[in-house]
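You will see two complexes here that share subunit A, one where it goes with subunit B and one where it goes with subunit C.
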Partner chain A sequence: MPYDSYLHIFLPDELNQENTEQTLTEGKQGVERNHEIQGDPSRLQSVSEKNSNGICTDNFNLSNSGSNPLPTENSTLPSPENSSSSFFPLTSMTPLMPVTPVSESSGIVPQLQNIVSTVNLACKLDLKKIALHAKNAEYNPKRFAAVIMRIREPRTTALIFSSGKMVCTGAKSEELSRLAARKFARVVQKLGFPARFLDFKIQNMVGSCDVRFPIRLESLVLTHQQFSSYEPELFPGLIYRMVKPRIVLLIFVSGKVVLTGAKERSEIYEAFENIYPILKSFKKA
Partner chain B sequence: MICPECGLVVGDRVIDVGSEWRTFSNDKATKDPSRVGDSQNPLLSDGDLTTMIGKGTGAASFDEFGNSKYQNRRTMSSSDRAMMNAFKEITTMADRINLPRNIVDRTNNLFKQVYEQKSLKGRANDAIASACLYIACRQEGVPRTFKEICAVSRISKKEIGRCFKLILKALETSVDLITTGDFMSRFCSNLGLPKQVQMAATHIARKAVELDLVPGRSPISVAAAAIYMASQASAEKRTQKEIGDIAGVADVTIRQSYRLIYPRAPDLFPADFKFDTPVDKLPQL
Partner chain C sequence: MNNTAASPMSTVATSSSGRATGKSTSFTLELQSMMFSLGDARRPLHETAVLVEDIVHTQLINLLQQAAEVSQLRGARVISAEDLLFLMRKDKKKLKRLLKYMFFRDYKSKIVKGIEEDDLLEDKFSNSSNVNKRQKIAQDFLHSIDQTGELLAMFEDDEIDDVKQERMERAERQTRMMDTAQYAEFCESRQLSFSKKASKFRDWLDCSSMEIKPNVIAMEILAYLAYETVAQLVDLALLVRQDMAPKAGDPFSHAISATFIQYHASSESTAACGIEAQSDAIQPSHIREAIRRYGHKIGPVSPFTSAYRRNGMTFLAC
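And then the complex of A and B:
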């Protein structure tokens, strides 16, 4: 290993403290990164990019694999205060790191079901012209003041307003949403408008998953009263409003969970990791 | 009022602040100078210490054209005109379903709290009033279904449900979860079922929930199915349509819940139940 020679520099005790913290954050991101990789194959490219950037941090891993016992790392992994904002890359050093047992992380990855994004085409549009010339476009000015256009490839729907702003819904991933928005912008461009692609922003992400065991919603609402709302007359699921990543979860008796309100994929994953131990404690029978 | 023996103060403020009774001794019923003012409601309106000019007695009371005397009372308590209106509406709604005074008082208090907080100012007062009525019934331990409140209010179930959640948030209170037993006595007496059948239905519903035969079903639907089973096993049979009409549940919903509890029917009935139709002859839908 080419990095072995650097070990002696990083052994001093003063650095151990920050090494510990860094490894712990890395450890958490390692789990998250695994989620990312599983969830979206299109991200592999970005993963390898990150690998090339942070070579020196691997040494922290090496120096600590001996000094840090397994429990320290595992006990802090599920804690929410480790922010996921700074991603430290991991290379092939990863297998040497203590592997987190499955009981700590849920092993279940929420699947993204819907992404809502907005983009500004930066030019005034003539909706009637768009509705007349474009395929798969509907426009009822009396009902709604926008053209509703659909494309087949990433199966998505766009609401195109006369101001030039557009809302794109139905995509299953961030990249697909961006791609679909670009396709819609292209359609508008081909109709003769000077369309641009400004301020693409993902506004909402919806994910769902299955914890595979039935849940006692009545007990959950009793203990988490300030976050939960369970009214069987109004809706069969429990509505859990999580504070730390501000995510709303719909939890059903069957064990299916829907997470919504996220701006980032990581928020969905974090929310699910937060709720999973709670749901496990309210498993039925 | 003080007890003469121990000196315990039994009642202070023994001045009757109820509304004035009418005296029939005089011929002129309008003028009765021994009585003053309307019933005091200091808890709800702000004090209500306003006075108004009564009708003139003599000939010189601004009698133009012989008709109008001094201008009728101006708007008193204009600051709480809306609140008084809402109280009137609440009393009307409660009267339609014969709610006791304690629930109406609680509703008025809730409405006053919400109104003063102003966080739900934009919502229709009737919607807030209906939601307060719903919460008051729940808090008093005699919940009414949303549909029952809808029946006496002009507001839709959706809007009442929304206001309900907003009020719980605004007042930072919570309510207990509804159970099947809360509705048994009302539904059964509306259907004219004898006490035995009502007790049997309560037992069936409670057992069904304990044995988790109906996961995710609304307690109202389970209660309706239990009433159906109990009534069908007794001499007083009721059809699904009749029960659905009283409970506000669709008859297909009763059918679905009934299908879930039917297999365990022998276990659900109370031990001392007298079967008019034996368990194996219960209708199978």
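And then the complex of A and C:
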């Protein structure tokens, strides 16, 4: 999937802005600044040293104009365990993860389906102006006090509020969510607002997978009463509230499992590894 | 309800109107499926379903009228959740079950909303104060009528609901023996409810003649109460049937309580008796006997009160 890394240059991050503005004294913004400095160069760096640490799993397709100073290169193969989204974040803030987070027990890796993130553009926005001039923007102030904007790549939706706060949903990985959020911010910026990119935070991650055997939910709800609720008249799945990690799992008779409530990818994997032996013991013969 | 070829209901003779009424909407088929999921045989009897439908309908109409009276008392224009909660205030266990249902509904919408992107937007559109709205309504109302503090204590109370527990155990026993196809059928039956067929339910209830009508949440609660009534009827009918089953060679069989028998039937070697009882469908006579016993209030002063004077209907659901 196309990865427009030119954004790092053209979208002013905190570093560039500081040269033109007053010195920022707020500690919070200082932290954000550090994050940005660390984030971008390491990302650019890892593009070139993709093979050295052996942890390159992204499919970069830098199809952009000639003005891009970055070397255009394609990365190597996708990760061995699956061909769909396994877009591991390459910033130095996140710990390096093993390429295949598969333990011996299950052999199944949950796929991320949706990431919800928020970011603060830190400036007041004129929603009407945005709706009028931006493509793919909806604004119906009588119904809801935000602009709904969509982009195709990554396929995501943003809710943009007049306060400058923005919610971004629909991405299939953390990196894509961040990328999408930056694109939305870029759109707002192009319309003349001094948009920044503060406090980007993943609020929720949803994953799903299939254990491929039917599960007897009646016995599961009986033996794990403190954690499960099963009301088939209301919802066909059993709702399992795992304590550690704090994840909610929706378990269906067919064997499909949906995991939600995670702030980090590892929580989803850990939750699934925890539930898998339990599900196996309630396999419908 | 979808009549797939695998559904046990497809072989049962159907008539769109129950024998007691000339209504155009009838829940007989759905009721048969529901009774199966609640512990009845794989093909519950049509007559039993018709009787159950009649009972549930009558009880709901009476309940609605009482709720309308309560509503009028407080000068409201619609029947709302508060009126129904007020009617249920006497039975703490059932009230607690209803509250748990309402909270679960809130919780489920919260979770599902987080998963589906479109749902998230829809929710933002409607009103973000929708989160936990049922819980808020229930808590506010109970707070206002609670004089002794015992209703509010229910929220903290973590006691196990015995009836719910028994139903779960029964379901577990029922599904243990099933193969994958039967289990899939069973799960489908379990998913049936009156709330899924909201518009049909509304027609069936036929509130058009009433001055005060129920609002959306009140309808939700009524659908839940209808389902609870069916569940109660099946619970009681199974007990009655257990009672009626003759145990050969046991001189004290008439004195042993039904729950004791039911508990031991699954593990004892009198398995023959148990299997016979299980495979038979619930008969209308079981239902009638269950109602009779339930309505027959046995209390400390009952020998001295007239059995014929009873104020109003005895509701199964509250």
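The rule we apply is simple: the second predicted complex is superposed on the first by the 181 of 285 C-alpha atoms of A that agree within 3 Å, B and C clash if a C-alpha of one lies under 4 Å from a C-alpha of the other, contacts with A are read in each partner's own complex, and residues count from 1 in each chain.
By our rule, a residue touches a chain if its C-beta (ideal position, glycine included) is under 8 Å from a C-beta of that chain, and two chains touch if they have at least 3 such contacts.
Bear in mind that the values here come from a model prediction, so they are computed numbers and not experimental data.
On the shared subunit subunit A, the superposed partners subunit B and subunit C overlap sterically. By the touch criterion stated above, A:221 is placed in contact with subunit B and with subunit C alike. Judged by the touch definition given at the top, the superposed model places A:114 against subunit C, while subunit B stays out of reach. In the superposed model, A:256 lies in contact with neither subunit B nor subunit C.
Of the two partner chains, neither subunit B nor subunit C is touched by A:150.
When the shared chain is aligned, subunit C comes close enough to touch A:159, but subunit B does not. Between subunit B and subunit C, more residues of subunit A are touched by C. By the touch criterion defined above, A:232 lies against subunit B and subunit C together after alignment on the C-alpha atoms of chain A. When both complexes are overlaid on chain A, the residue A:284 reaches subunit B and subunit C alike. Comparing 5-13, 23-31 or 203-211 from subunit B against subunit C in the aligned model shows that the clashing stretch is 203-211.
Looking at subunit A, you'll find residues 214, 218, 221-222, 225, 229, 231-234, 236, 253, 284-285 touch subunit B in one structure and subunit C in the other. Listing the residues of subunit A that touch subunit B in their complex gives 214, 218, 221-222, 225, 229-234, 236, 252-254, 284-285. In the complex of the two chains, the subunit B residues touching subunit A come out as 145-146, 161, 164-165, 168, 174, 177-178, 212, 215-220. Those residues of subunit A that touch subunit C in the complex are listed here as 113-114, 116, 143-144, 146, 148, 157, 159, 169-170, 204, 206, 214, 216-219, 221-222, 225, 229, 231-236, 239, 248, 250, 253, 258, 260-261, 284-285.
Put simply, subunit C touches subunit A in their complex at residues 37, 101, 104-105, 107-108, 111-112, 114-115, 117, 120-121, 124-125, 160, 168-169, 171-172, 174-176, 179-180, 183-184, 187, 190-193, 195-196, 227.
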